[in-house]
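First chain A sits with chain B, and in the next complex the same chain sits with chain C.
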Partner chain A sequence: MVFLQLFLNGLQLGAIYALTAVGFSLIFGSTKIFHVAHGSAFAISGYIYWWLASQLDVAWPVATLAAVLAAAAFGLLMERFIYRPIQRHEASFFTVFIAAFGVSLVIQNLIGSVAGRGMETVTTPLSRSVEIMDGLFVAPISAISIGVAILVFTALSYFLGRTHVGIAMRALSENPDLVRVFGLDPGRVAQWAFVIGSAVVVPGAIFTAMTAGLNPAIGTHVMLVSLAATIVGGIGSVRGAACGGMLLGLAENLAYWKLDPQWSEAVTFVVLFAFIIFRPSGFFGTPTAAR
Partner chain B sequence: MTTAPVLSAQSLVVGYGGRPVLSRVSIEVRAGEVLCVIGHNGAGKSTLMRALFGLTRPVSGTIQVDGKELAHHVPRVLAAHGIALMPEGRGIFPGLTVAEIFDLALWSGNIAEGERAARIDWVLSLLPPIKAFYGKRAGFLSGGQQQMVSIGRTLLSQPRCLMLDEPSIGLAPKLFQDLLQPIRALQRKTNMAVILVEQNVREALKISDRVVVMKAGQVILDTVPGELSDNARLMELY
Partner chain C sequence: MLKSRIAAAIAGALLWVGGAMAQETIRIGANLPMSGPNAELGEIFSRAASIAVNHINADKMLSKKLELVIEDSQATPQGGVVAMNKLVSVAKVPYVLSAYTAVSKAIAPIGDRAKVVSINGGAVGPDLAELGDYFWNVIPLVNFEAEVLIPFVVKEKGLKNIVLIFVDDPLGEAVQKVLRAEVPKAGGTPAGELQVQRSTQQFASIAAKVRELKPDAVYIASFGTQENQIIKQLRDNGITQQLMSYSAMSTPSIATLPEAKGGWYTVQSADFTASALGQRVAKEYKELSGKDANAYVANYYNAVMVFGILAQQLEKAGKPITGANLLEQRRASPTFELVGGKMTFQANGTVAAPVQIREVDGTGAGKLVK
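Let's look at the complex of A and B:
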């Protein structure tokens, strides 16, 4: 029963990680920008939702919309004012990494000084657990978060497979030069990737606010996990990132079965290292020849 | 002098990291003309094509479309002016299906929604073999099929000026003719201008009206194919 309980909790956490990892993977896949500040979109949208829904009593659809807009705007601004100027000067991966890391620190501290450094949660009846079987507690929010994750992935695959912008994003991930030859502006396509990749973290951020709660450093934690999930899933594969996120969420919770809670983050990295050693190309990645 | 050339360049200088790849190249192509550009590997043919299409910014020199310089000489604007480039190598996205590649081309070419199906039908009528693999991922196609898709893609916008950068690469001569004959027929019918960069000189000259020979980043000869038909002359240039 404990195992089943942990498994269910793991599914819920996995759904949240999967959503975040997919956003990162989408951005990295199509633009090749290592968007370390991706976790900040999570933190910003989570706090916007918390502030509107629980401090100002705004209706949840409005608060959700505001959170989506905030995350998308953050992604767009990062592309426009941080990554694009750096890339224009043909700067290295390292410059991009440090710049993004710096931004995420600034965001973390801004959130801390505005909202306080403590834990904040949005209280909702949805997160109240019900005993559905002897010793098995489930909150409606678990089912909702898994359902929403499935919904978002379905919408995303429709978007990538059927819409012009989605096809252009896949094209950009394969060959930016050829995208220009087609007469498209790769910068414009990259902006779409940032907007959509940032917006898909919002459900995860809201569910986190409703369950485990938010703290200013949440972005860093989420970023590490989605990075690990992206590598586990195979870099550049959106489907892989979703599976990777789910696997890490499950692993983190199932670890409680035998280990103390402080080991949960370590488990994430054990899974990551296992993949790096035994299957470095991840679930769906194509193995690259040694250089 | 009647009308201005569709695409022309004067004293084009292009360099990657200080080393000039093109030094003072002037070239022009007029409506209804097939211009063949030949020369060794590294003569600067592809660089010239990239510069003309706005993919590489020249150090100096000017490029005109219909005799006028563009405010922004970038591929997007050139495409809007009816110029299309089939780039060197694989001009396809391996992970996309042929249908998706065509869809992307029609969308980026701002072709009206209602006209898209007709454009696809038109290209499929020019290059009928594409029908057989229209729904497949381009990465699974043979080299010849991929080149056909790449050419078909450039035709979707019904360009006034078509730039083909080594369409014969990796193709058997017979396949090459299969690919070029429909283009030549179309070009005669629509008065399209074509710039054809080729290594396969003999085959390319068969369908050209004028030929430009490049060597070490310069144009060393501008003539008609007949002048080069005798082998001695061609050997001398190489």
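Let's look at the complex of A and C:
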């Protein structure tokens, strides 16, 4: 029963990790920009939802929509005013990283100044577990987060495979010049990548606000998870990031079955190192040879 | 040639201005977590310290204006050491406010070497009493808190089987050591110990382990955001047993956390209503933060006031305000009239204060249990 409990906990956490990581992977895969401020989109949307739903008693669909708009706007502004000017000067990867890191620090402090530096949660009966079998506790939010994750990945797969913008985003990752040849603007396609990549982080942020709570520094943890899931899944692969997030969530929780609790996060990194050493291209990444 | 002369002139002017500014103020430092998941406490500590600085300046206790230089430790030993080096070597302060057991233990040797006093008002690891002459505490350490809480829980409430969830950190390990001694002494049984990493944020599976252990009560020894997360996720995941902790449970965000309601915690007695000074501090803190003052506010206010009083005595005696002289003066006059009443330093730089058991009831201060 304990194993089943840990497995279910892992599925719920994996769904949240997958929802968090997939946006980062989509942005990185399409634009090759290491968007280290992705965690800030998570924090902003989480706090917007908390403020509206918890402080102002706004209905959850409205609060969710506002969170999506805020995350998308953040992604768009980052692309338009941070990354594009830097790339125009053909700055290095390191410059992009530092700029994004600086923005994430500013956002962290802004949130701390406005919303306070303590933990904030959205109180909901959905996060309260009920005993469905002897010793097996499940909260409604578990089923909801897994369901939403499946829904988001289905929609994202459809979008990337069947729509013009989605196909263009995939093409952008392969060959930006080719995108231009077909009369598309790579800058505009990159903007779409940032908007959608930032927006898909919202369900994970809302579920986190309901279960683990938010704090202004949460973006750092989110980035670590996103990065680990992206490496495990295969850099640039949306499907891979989803599987990577799920695997990490499961590993972190199943570690409790036989190991002491302090090892749970170490197990996550063991999984990560195992992939780096034995399968550096991840689940679905394309193997490349050094030239 | 001209350029180098201009540069030299600017450098000279800057040095002169800097020197003049340095002479105009007396500086003390604060090595506090101002960012990251523990920043809520850093904000409380720094606000309380700022109120004391304002009082010292308004009451003209010192010959020059007192200035508080705050550096961010991020509640990590590495961050604390960097901040301490800056305060000691660059700002050249004689007195530094400290917090967090791990940070305090990391910075104490630097203070000891440089003869700079570090004073702690927030960390409770018992070994903070053994960090040398230049490390002082204005907060009772956790062994005093556990000596009050554990007999109450085991003997008076009959909750004998106690599980400890503790953070992988000097504070957590200190609490583990104290509980291993106190629980059997009171007639209870340590039902299990679950150690978690500082960065862990998910505790649903910890709750599953706690359910397996079937305790009567759960003692949580963490801090900052993680303390809140553990409480919330234990309650969300079917833990209905009594939750308890040390003074970390007295933070405003836990006080208003619905899942924390009913939790017991120990905290030093800090009655703000007992004196005019206490009322003045509580009122100004409420105006500044919108929240009720708690024991941490009293501690950091008192920590700065201890400096103000000692520095005033040194100035009257015509002695320079250095760490060594502050230590000598504290030994000569170890009793201070502060928020919460009279406070006397022991020879090892710690203080004894009455400890209360309170219950989280949704209001800021909590309900007095014992």
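In this text, the second predicted complex is superposed on the first by the 284 of 291 C-alpha atoms of A that agree within 3 Å, B and C clash if a C-alpha of one lies under 4 Å from a C-alpha of the other, contacts with A are read in each partner's own complex, and residues count from 1 in each chain.
One rule holds for everything that comes next: contacts are C-beta pairs under 8 Å (C-beta built on N, C-alpha and C of every residue); 3 or more make two chains touch, one makes a residue touch a chain.
Here the structure is a predicted model, which is why all the values come from computation and not from measurement.
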Quick check on the superposed pair: does A:Asn253 touch chain B, chain C, both, or neither? Answer first, second, both or neither. second
With the two complexes superposed on chain A, say which partner A:Ala168 touches: chain B (first), chain C (second), both, or neither. first
More chain A residues in contact - chain B or chain C: C
With both complexes superposed on chain A, which partner does A:Leu6 reach: first (chain B), second (chain C), both or neither? second
Looking at A:Pro216, would you say it contacts chain B, chain C, both, or neither? Reply first, second, both or neither. second
Quick one: is A:Ser129 in contact with chain B, with chain C, with both, or with neither? Answer first, second, both or neither. second
Contacts of A:Gln108 with chain B and chain C, given as first, second, both or neither: second
Could you tell me if A:Leu178 is touching chain B, chain C, both of them or neither one (first, second, both, neither)? first
Could you look at A:Glu120 and tell me whether it touches chain B, chain C, both or neither (first, second, both, neither)? second
Give every residue of chain B touching chain A within the complex, in rising order. 53, 55, 74-76, 78-80, 85, 87, 91-96, 100, 103-105, 107-109, 153
Enumerate the contact residues on chain A facing chain C in the complex. 2, 5-6, 9-10, 12-13, 105, 108-109, 112, 116-121, 123, 127-129, 131, 135, 137, 139, 211-213, 215-217, 220-221, 252-253, 256, 260-262, 264-265
Under the touch definition given earlier, write down the residues of chain A that touch chain B in their complex. 164, 167-168, 170-171, 173-175, 177-178, 180-185
Per the touch rule above, chain C residues touching chain A in the complex are 35-37, 39-40, 42-43, 168, 194-197, 199-209, 211-212, 225, 228-229, 232-233, 235-238, 251-253, 257-258
